Structure formats: structure tokens, C-alpha cells
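The structures considered in this document are given below.
Each of the next two complexes has chain A plus one other chain: chain B in the first, chain C in the second.
The block that comes next holds the complex of A and B.
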């Protein structure tokens, strides 16, 4: 199973297929962390995937703002060091949507596996 | 190593130079660049601030902050419309629905009279003049606020300036009103249509020029937790 996931990750980072899964990744991380700020999200993904998957800055903020506009994320601002930091956290709707998105992604990965590697599936 | 206050101010200027006009987005991007620069300094403490800043900016890709700006503006537009529709919905509930119905009746009865052609133009001009007057007033108010705080918020700009867009659209249709009012006088369906359109136009303009700007402080505080910081 672990191998399968690594395989998908490598495919995604190479061909930027992850773009469609970006929202799911953000929601999933916030589901586990309570609240996070933009830079923290990019670092966390890098750390979890050991550098295989890098969320680009140019894609992260548009995705965060879109999710906020959809009412899935809420914001909080705090003064950290000598600057303001914007934190994102899931709303009630966001929590529900996370479960849906994860299910969709799992289904997608399963389908992809039957296509790219029928033996494994 | 941490960034100094003047380096933070330099990052604000840097985002402005790269077309990020609004303070809300500037703040988020400044924090991002600052975090990235501080992380780089952990490995390369001798890297200059300017080089680290440029390296951090490069990670945003060839379009720089453009995509973030575009998406932010789309998202805020959505939020503005949500405020607008929730205000509009109130006018179809008790007790405001009585005012809406009265307004509709005034338009309906006026257009049923033989002066439909003249009255439609009169109403149109009155609404248009009031809208232009309010639009100028709100614009002046917005400039005053900006000079005082030296910050521009995206939602604030939408509240005080977007309303002006509706007026322009409204004014551009004036010629059509002259044509329609001549052709359809006496036609029951046209009268009903005209009365509904005028009622809605009055409500739209009243909400965007009067009600939403009056609530600006509350809406801005709700949208931006950092607004009162």
C-alpha cells in the first residue's frame, strides 16, 4: 500500500497532476492541525512527502482564497514577531467537505491504479 | 535570524511594486516572504536580505503575485455579492415587504396612467441623479479613509467604488427606456414588467449606495480580523 501511494505521489509531482488534488491536500492538513498559515502548509507538505511533492506558492494562495470564499475556511489573524500572520481553519462546512473530498480522491486513486497497473489493483 | 521592522516595511513596498494594491493580501504575502527568508537564513546566514527576498519571490512562478491577486478579487466579489443578496432578501420579508409592495404599486399605477412615457423617464432620471450623487459622495469618502489610514482594503474598495459600476450600467440603458416607453404604453404586460424592473433597480441602488456603505465598518471587521488591530 505504501509503495502504491509513493508511486502516485511521484507521478503527481512530476506531471503536476496534483493541481486538482490541491484543495483536498489543504483541507486534509487543516483537519489534522486545527489552524495553519500559508507558509506552514507548503513546509508541511514538503516534510510529509519528503520533498516529493511541493506545493507552489503561486497555486497555494489562490486555492486558499477560493476555499475561503466558498465558506469552507475561516481566518484568524495574530501578531507574530513584528508582523501579522493569517491563519486558516476549517468551518463546519469545511469539515464535512473534507470527508467528501478524501473519499473522491481515494476513489480516483483506485481508478487510476486499475488503469496504470492492473496487477496491483 | 529574524527580520527587522524596516525589512518588513521593505517587503510591503516590494508587494506594492508587484501590483498588490490591497493591504489584506499584502500582509499575507509579506508574512510568507518573511518566513521563507528566515528559513533560508538558517542554512545560509550570509545571504543578503535582497537576494533572499528575490529568491522567495521567484518561487511564485513567472506570473508572480498575479494569480493570487486575481483569485483574491474573485473571492471578495463573491463575498460582496453574498452581503448584497442577504440585504436584498430582507426586502421580501415582513415588514420590509410592505415598503417593496408600496414602491411596486407606485410604479405600477404611474405606468398605467396615460403619462407612462413621461413618468418612466422622470423616475429614471431621479434614480440616476441620486445614484450619481451618492457615487461621488462615496468615492470622496473612500479617498478620505485611505488618506487617513494609508491602507486600502479590497472589500472597502468594493463597497465604496463598485457601487459606481451599477450606476454606469444603469445610465447606459437610458436610451432603451425612451424607445420602450413609446412602444409599449397601454400594454398590461409591459406595464407589469416596467414596474418590476423599476422596483428592483430602486432596491439594488438603495442597497449598494446606502445600506451596505452604512454597514461598512461591521462588514470590514467581520471580513478582516486584522482590520481593528
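The block that comes next holds the complex of A and C.
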């Protein structure tokens, strides 16, 4: 129940289709940047999707902590503007998992396209 | 516009009073809240820090508290996984086999009926020693309020009580065969070795992560 509520607030966008892709989004962003902190990830997603997708902290941080617990992310702490900031970066396993997840997502999109719009597929 | 040290302290105290006790999760929430407030103020919100903060908390406090819970869950999962993995590493495998062989051989010299009662109490003695080691190490390192370390203490306390329960309440000391007794005792002591290795690793990890920032 708790998980369900959490996922509903994954995105402020009206679509729930993004909910299963949150980990892939995080991994992909971290694959492109050396390291990122939580708020930076939310802002980057907002910027890249022109505001269509807004990740809330209620969804982002549990996902980050889970990925860290799975050994896919490593953490670095730095002092920035009078406070401590936790940066996340991919581990070696994380980099491999990103490639797998992106491949899975590409397959999923292809399959969906075949179903929804066969002409384009 | 950057928040002042006083503003940061204010947010930190607020979160601490909201029962977000672990430093590692609190600092992340604090940074998130501070970043949101700074962005709002940079984007033209002319109100005083306090009002911007208050509005943010009205909308997001529950979500932050849920974060705290999920962080603790993830920490528990991580610790349990680490202890479990450690049990299959060489030091623990050798400890288990070594202890089992030792008990078998000692049994040939000492009568099992005299041997049995203190053998079963060994895990409890071991747990107490581990508890003292853990407390001193964590206190000396000044790492008392880090999530993984506190939760490890909790796992330790739970296991201690479980063994206590099995040993005393279930009356195992008089009913089980010597084979089961040796396996149980060896496993309990091996578990302690695994927990000691994991706690050492965690303390090292936290010290490394935060030493340059003290």
C-alpha cells in the first residue's frame, strides 16, 4: 500500500506510464554525468522533459537508496554552501546495469510501437 | 541566493525534531529542502526564508517522513545482505568448520554432559563481547547517529534475544543432540564474526565518507 502511494507520486505529470522507468532514468542521467545530487536530478529531468516529467522527492530518494543498497550507486559527500551534499555516481555494476536497463527499455518501446502504431515500427 | 548558516541550522533542528534522527538521511533532506528554497528565492520569491520554508514543509513534510522510513528499510536490507554474503566468504567458512572440528575433538576429551551447558552459552558470551566492542568502536569514532551503524546495533540486539530465547525458554540445552548443539554454536559464533566484519567495514566506510568534512 505504502509502495503504491509512493509510486503514484513518482511523477507530477498526469501519466503513470513513467513509474516503472524511474530507476532507468536515474541510471541514464548518472551515466552521462560524473556525479549528481538528488535535487540536481529532479531539476535535470524537469529541464530535459520541458516540465512534462517532475520527479518528486518522495519517489526519487527511495529509488536512489534502493539503487545504493543494490550496489549500483556509490556515494560521495562534500561540503557545499554551509551544508553537506550527498552525490551519487555509478559503480562498475551500475554502469553494466544501465546498459541492460536501456536495452530493456528500447525493446519495450519497440514492442509498444509495434502494438500501438504498426506503420512506424 | 544562498541560505545562511542560521537558516541551515534551523532546517536541521526542525528535521531532527521531526524524528529524523540519523545524520546521513537528515543531511540529504536538508540539502534538498535548502536547494528548493534557494531556487525559489533566486526565481523571485521575495518572502523571508521562514515563510518559504514553512510553505514547503506544509506541502512536503509527509513525503519527507516517508523518505526516512524507506531509507531505514533500504539500510536494513543492505545490512542483512552484507551479513548473509559475509557468511559465505572464506573467513566465516573457516571459522564455522574450525569451530565445529574443535568442538568435536574437545568432546572426545571432556564428558559431553559437563561440556554442554557452557558450550550453549558461548554464543551469548560472544554476543556480549561483540556488543561491548561495537559500542566502544562506534562511540570512539563519534559515529553514533549514522543509520547503518545504529541499525546494526538493532540487528545485534534482536539476534541476542533470539539466542537467549532458544537457549533458555525452549530448553535446548538439555534436549538437543550434540551434533545440533555443535552446529548451532559454531553457526552462532560464525554469525558474530560476520557481524564484526560488517560493522568494521561500515565504520570504515562512514569514517572515510565524512572524515574530511568533520
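Odds and ends about this structure:
To be clear about the criterion, the second predicted complex is superposed on the first by the 108 of 121 C-alpha atoms of A that agree within 3 Å, B and C clash if a C-alpha of one lies under 4 Å from a C-alpha of the other, contacts with A are read in each partner's own complex, and residues count from 1 in each chain.
Simple rule for what comes next: contacts are C-beta pairs under 8 Å (C-beta built on N, C-alpha and C of every residue); 3 or more make two chains touch, one makes a residue touch a chain.
Note that the coordinates shown come from a computational prediction; the quantities given were computed from them, not determined experimentally.
Superposition note: with chain A as the common reference, chain B and chain C are in steric clash. By the touch criterion stated above, A:116 is placed in contact with neither chain B nor chain C.
When both complexes are overlaid on chain A, the residue A:86 reaches chain B and chain C alike. By the touch criterion defined above, A:106 reaches neither chain B nor chain C.
In the superposed pair of complexes, A:48 makes contact with neither chain B nor chain C.
Taken together, the two structures place residues 37-39, 43, 56-58, 61-62, 65-66, 68-69, 75-77, 79-86 of chain A in contact with chain B in one case and with chain C in the other.
Residue ranges of chain C in contact with chain A, taken from their complex: 2-5, 8, 24, 27-32, 34-36, 38-39, 60, 63-64, 66-67, 69-71, 74-75, 77-78, 81, 209-210, 213. On chain A, the positions that touch chain C within their shared complex are 2, 6, 9, 37-39, 43, 56-58, 61-62, 65-66, 68-69, 75-86. Remark: chain B residues 2-5, 8, 27-32, 34-36, 39, 59-61, 63-64, 67-68, 70-72, 74-76, 78-79, 224-226, 229 touch chain A in the complex. Interface residues of chain A, counted against chain B in their complex, comprise 37-39, 43, 56-59, 61-63, 65-66, 68-69, 75-77, 79-86.
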